[in-house]
Amino acid sequence: MSATPIATTRSSAGMPTGLLAVWWVIASEIVIFGGLLASYIMHRLAHDAWSAHAANTNTWIGAFNTLVLLSSSLAAVLGHKAAEEGDGAKAARQLWYTFAGGATFLVVKGFEWAMEISHGYTISANTFWSFYYTAAGLHATHVLAGIIIMAVVARKAARNVDLHHVELIGVYWHFVDVVWIFLFPLLYIAK
Amino acid sequence: MLEPLFQPFLIDWLVPSASTYADDIDFLWELIFWIVGAWFLATEGIFFWLIIKFAKKRSPKAQYITGELKSQKQYISYPHMAVLVFDILILVFAVKVWYDVKQDLPPAESTVRVIGQQWAWTFQNAGPDGKLDSADDITTMNELHVQLGTVYHYKLEALDVLHNFSVPVFRLKQDAIPGRVITGWFEPTLTGEYDVQCAEICGIGHGLMGARIHIETPEQHAAWMASHAPISLASATPDVSAEE
Amino acid sequence: MAEAVPAGSQDPHGGHGHHEQSFWSKYVFSTDHKMIAMQYMFTGMAMGMIGAFMAYAFRMQLAFPGMEVPLYGLVSPANYNSLVTNHGTIMIFWVAMPVLLAGFGNFLIPLMIGCDDMVFPRINRLSYQIFLLSAIVLLASFFVPGGAFGGAWTAYPPLSSEAQYSLTPMGSSFWVVAVALEFVAFLMGGINFVTTAMNSRAPGMKMYDIPIVVWMIVIASILFMASVGPLIAGAIMLFFDQNLGTAFYDPSRGGDPILWQHLFWFFGHPEVYVVLLPALGVTAEIIPVFARKKFFAYKTVLYTVFATGVLSFTVWAHHQFIAGIDPRMANIFTVTTLLISVPIAEMCFVYIATLWGGSITLSTPMLWALAFVAEFLIGGVTGIFLGASGADIYMHDTYFVLAHFHYTFYPIAIVGTFAGFTFWFPKMFGRMMDDRLGKIHFWGSIIPFNCIFIPLFVLGMAGQHRRIFDFNAYPDLALPWMQHTREFVTIALLVMLAFQLVFFYNVWKSLRKGEKASKNPWKSNTLEWTTESPPGHGNWAELPTVYRGPYEYSVPDREEDYWPQNQPS
Amino acid sequence: MSDAHESHHGNYWKIWAWLCALLVVSVAGPFLEIQAVTLITAFGIAVVKAYLVAVHFMHINVAKRYIVYLASTTLIFMLLFFAAVAPDVMQEDGSNWTKPAWIAEAQTPPTVHGGANPH
């Protein structure tokens, strides 16, 4: 495996390379979710009939999922602090709590969707449900990707290897949480 | 207040202008043509002149010019300002022409419904009583008959995919969107038979979706309306493999 | 899609010796930024040949309707639409972007800012592999039942979202998946470029010591990353419309076709600057070298590029003046479109002003670079006709538009690429190209190019619209002079394609028998000319330090007329 | 850094508590059945929560200035996109178009199934 290039070790922009790259990932993600949510909001304001469709989303499950993600964000930031102090084991444990939070979120989302589909609200039922599944689906895919990377980072952190990666996956995870913070009212509260 | 400053002739030389606003659009196009053409020739001229003047054999030693000093940058900032001024001039006329053609519709003396669908145009003429969707409407396929000197409003819609109702001689072009009935206007000023083209790709038959527009004098138009039953099919659309 | 293996470049042991790599790890699964640059460049050029073949096929149909086109066969309306659609798609996404943005970006950024590789070599390799997969998926769309997608490279729904209208059910989905994969590849590549350029500059290299091509490619990557997002969301929605029966763009079930147009063109216009800026950067590197003169107003160009970048997010609806958007919006977008022509005009003035006081040698790279400026001027100037909403009423979707964007895309994708390729060929392959063959190829490409697109301007003025496969169906367009013009244009295209063989012969000959290239054949200042040709793994034995800007040519009271960036005194 | 250990540590839990409280408020908002209140609790609180996460968890204020400029520029582009596209997508009848008859009845008002939740 070729050694990591010297280029990675430099920081002429005054920031560690990894963190700079993650912020660029977040910038391009803002624009992806921004485009999707802007389209949803426009359609939602244009079609009053959608509030009747939106009435069929389950606010309690949405609220619980929000609580789960917020708590996993807390665990992620505690993990980041532990990593800064060089305590790999503690950081790994916190990351596994975040992993558990993300996994719970996905499981709960799975049940929620199963229930809604059984009620006949499929993705092609009408355009509200199409946006609902597309937006929540894209977000869930990011949650899934996040927990997979988190597992990899946690296993390395347990051996005190690449502790700076803990911060990187933490910042990405907080972004995924912020997207859900906006998705929750848009899909569940606005009735 | 912003009438064409000169009589345009360039596009008119290629495509007759057969509607009241054709001249406005031609004038705007030509105003841009002369401004932009002059700038282009000047810039390209200076460019080639510099290449020849400062070729290696004529100037073996290059000068050291940073281009950061005010005295040097003026050669850039003056043309830069001039480009901005001309842009504003073009902008004023562009917005005026756009407003006249697309936003400020004169009162309609007659209405025609234009329906684009995958690969044919259906025109619903208002018929003698001048009111659309009345009993005496005349619906034709791929053949639009209009009367000279009458202000027409067209109600343009598409049934399946995007189409575009374009009459080059009128300088008229408007996309037809499924789910919207778009209103525009034209007033023919020249008799004759001209092309109508679909200007938005709409599938395999997009190239065959041509139609003809017949601009007739009031007498010819009245005769046409009288002789026509409500539904009539135009002559078969020209077949595809017309040999060279 | 076997990569053409550059036989000439052995891998002289770089600073830190390492085991002799196998063919696979050195050429196919390499993480060396130079090898990945070659992979991108050769895949881009291969796709360029496929795109050119499509142009040949449908131009023959236009010139001789209904004829059996040699090497292709009969061009039916469906074939014509998919050829035109995929010609546009390939030339922008699979030729201009890989060659200019990824090819030159990967090769030049580490070498020009003095570091040994990209910050994330493995992500860099993965981005090429996803790009290659996207190219394969797109080409596969020609062989699926129903044929390739034929709804124009802009893929406006409902034609692109309803299989019943496009009659290419699988072709449409393959097209969307290929374009989405290509976006993923360039998002990963873009992040690599921006982070490397920002963070791994050589010690001593201040902001204004960075060569302009690095600035341009970084800003192009930022423009791409900030604008592609909504279209990725749009592509997901389009894919669901095509396959899951959703109705994002189906008006009868609550969707809106105009939404896709906005999502597409919000990306579309910054995209044309994404491909323009690298070509501008390549030209900005070549002109000072062959004019032996400092680049005029470096800072002004930088601020102009920032202004153009920001403004490019405010102009997109000039593609949709008559496409059903609210007519009042058209006036706002006319203002912003005419406003953006000002910084671009300034950049052209600065490029021309650089020639003042120079000592110009017209070598092949210089000819290409000057031709870029000369041809792009026509492209830029004809944009004003289309940006002004009033004139666009008549001009929209005619051949005038087609000629306009070929006068911007051809200089970018072909002239800019050949300029960069002939200029950096010695550094990439360690051999010099034959200058005489280079000039023959240059004149053989530029003259026919103008013979193709100047007549198309005139056909556009005559009201001939795009994507119509046989103009005999329109009596006003089947006039003899028009048909003869189409034949003349097609013959000019054949001549231009023939001259490309001169280029391939020149490359093939130079790779094998070209004169060995020294470290700095053009006596240029930038850092890539301070290492061997071709640079080994890790680029330098020890990484350079930078002492001055990249354009210190003909500095008074110095006998050498160039002053490399890494020379202390 | 060790003395700030406890406060720094506790700080995160305090932020988390605030986030949970705001969540409860935003869920409770719609029960008052006042449209304006629901909007404020739903989206106003979302913005506050996003700010809390961005500043305290992502340390965006500690990061380099250009990171903030980067994130805010992308947001501004999204607002710009919304502003320019809304007149087209959001209107029932545009300034120069109306909805054709065949679309109106195609969008039959939705039949409300038995709600899956208390509302």
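Per-chain residue numbering starts at 1, and chain names A, B, C and D are given in the order in which the chains are listed.
Quick note on the criterion: contacts are C-beta pairs under 8 Å (C-beta built on N, C-alpha and C of every residue); 3 or more make two chains touch, one makes a residue touch a chain.
Since the model is a prediction, treat every value here as computed from it, not as a measurement.
Of the two chain pairs shown, B-C and A-D, the one joined by more C-beta contacts is B-C.
Each chain gets one centre point, the mean of its Cα atoms, and the points for subunit B and subunit C are 31 Å apart.
A straight line joining the Cα centres of subunit A and subunit D is 15 Å long. Spacing of subunit A relative to subunit B, judged by their CA centroids, is 49 angstrom. Subunit C has its Cα centroid 35 Å from the Cα centroid of subunit A.
Looking at subunit A, residues 13, 15, 24, 27, 30-31, 34-35, 38-39, 42-43, 126 sit in touch with two or more other chains. Multi-chain contact residues, meaning those touching two or more other chains, occur in subunit C at positions 226-227, 229-230, 251-254, 256, 258-259, 266, 324, 327-328.
Contact of a single residue of subunit D with at least two other chains is seen at positions 74, 77, 81, 85, 89, 91, 94-97, 103, 107.
Taken pair by pair, the chains that touch are A-C, A-D, B-C, B-D, C-D.
Looking at the complex, you find that subunit D touches subunit B at residues 94-100, 103.
Of all the residues in subunit A, the ones that touch subunit C in their complex are 2-8, 10-13, 15, 17, 20-21, 24-25, 27-36, 38-39, 42-43, 47, 123-124, 126-128, 130-131, 134, 138. Those residues of subunit C whose C-beta lies close enough to touch subunit D in the complex are 226-227, 229-230, 251-254, 256, 258-259, 262, 266, 313-314, 316-317, 324-329, 332-333. Within the complex, the subunit D residues that touch subunit A are 8-9, 12-13, 15-16, 19-20, 23, 26-27, 29-30, 38-39, 41-43, 45-46, 49-50, 53-54, 56-58, 63-64, 67, 70-71, 74-75, 77-78, 81-82, 85-86, 89-92, 107, 109-110, 112-113, 115-117, 119.
Residue ranges of subunit A in contact with subunit D, taken from their complex: 13-15, 19, 23-24, 26-27, 30-31, 34-35, 38-39, 41-43, 45-46, 49, 52-53, 55-60, 63, 66-67, 70-71, 73-74, 76-78, 81, 115-116, 119-120, 126, 170-171, 174-175, 177-178, 181-182, 184-185, 189-191.
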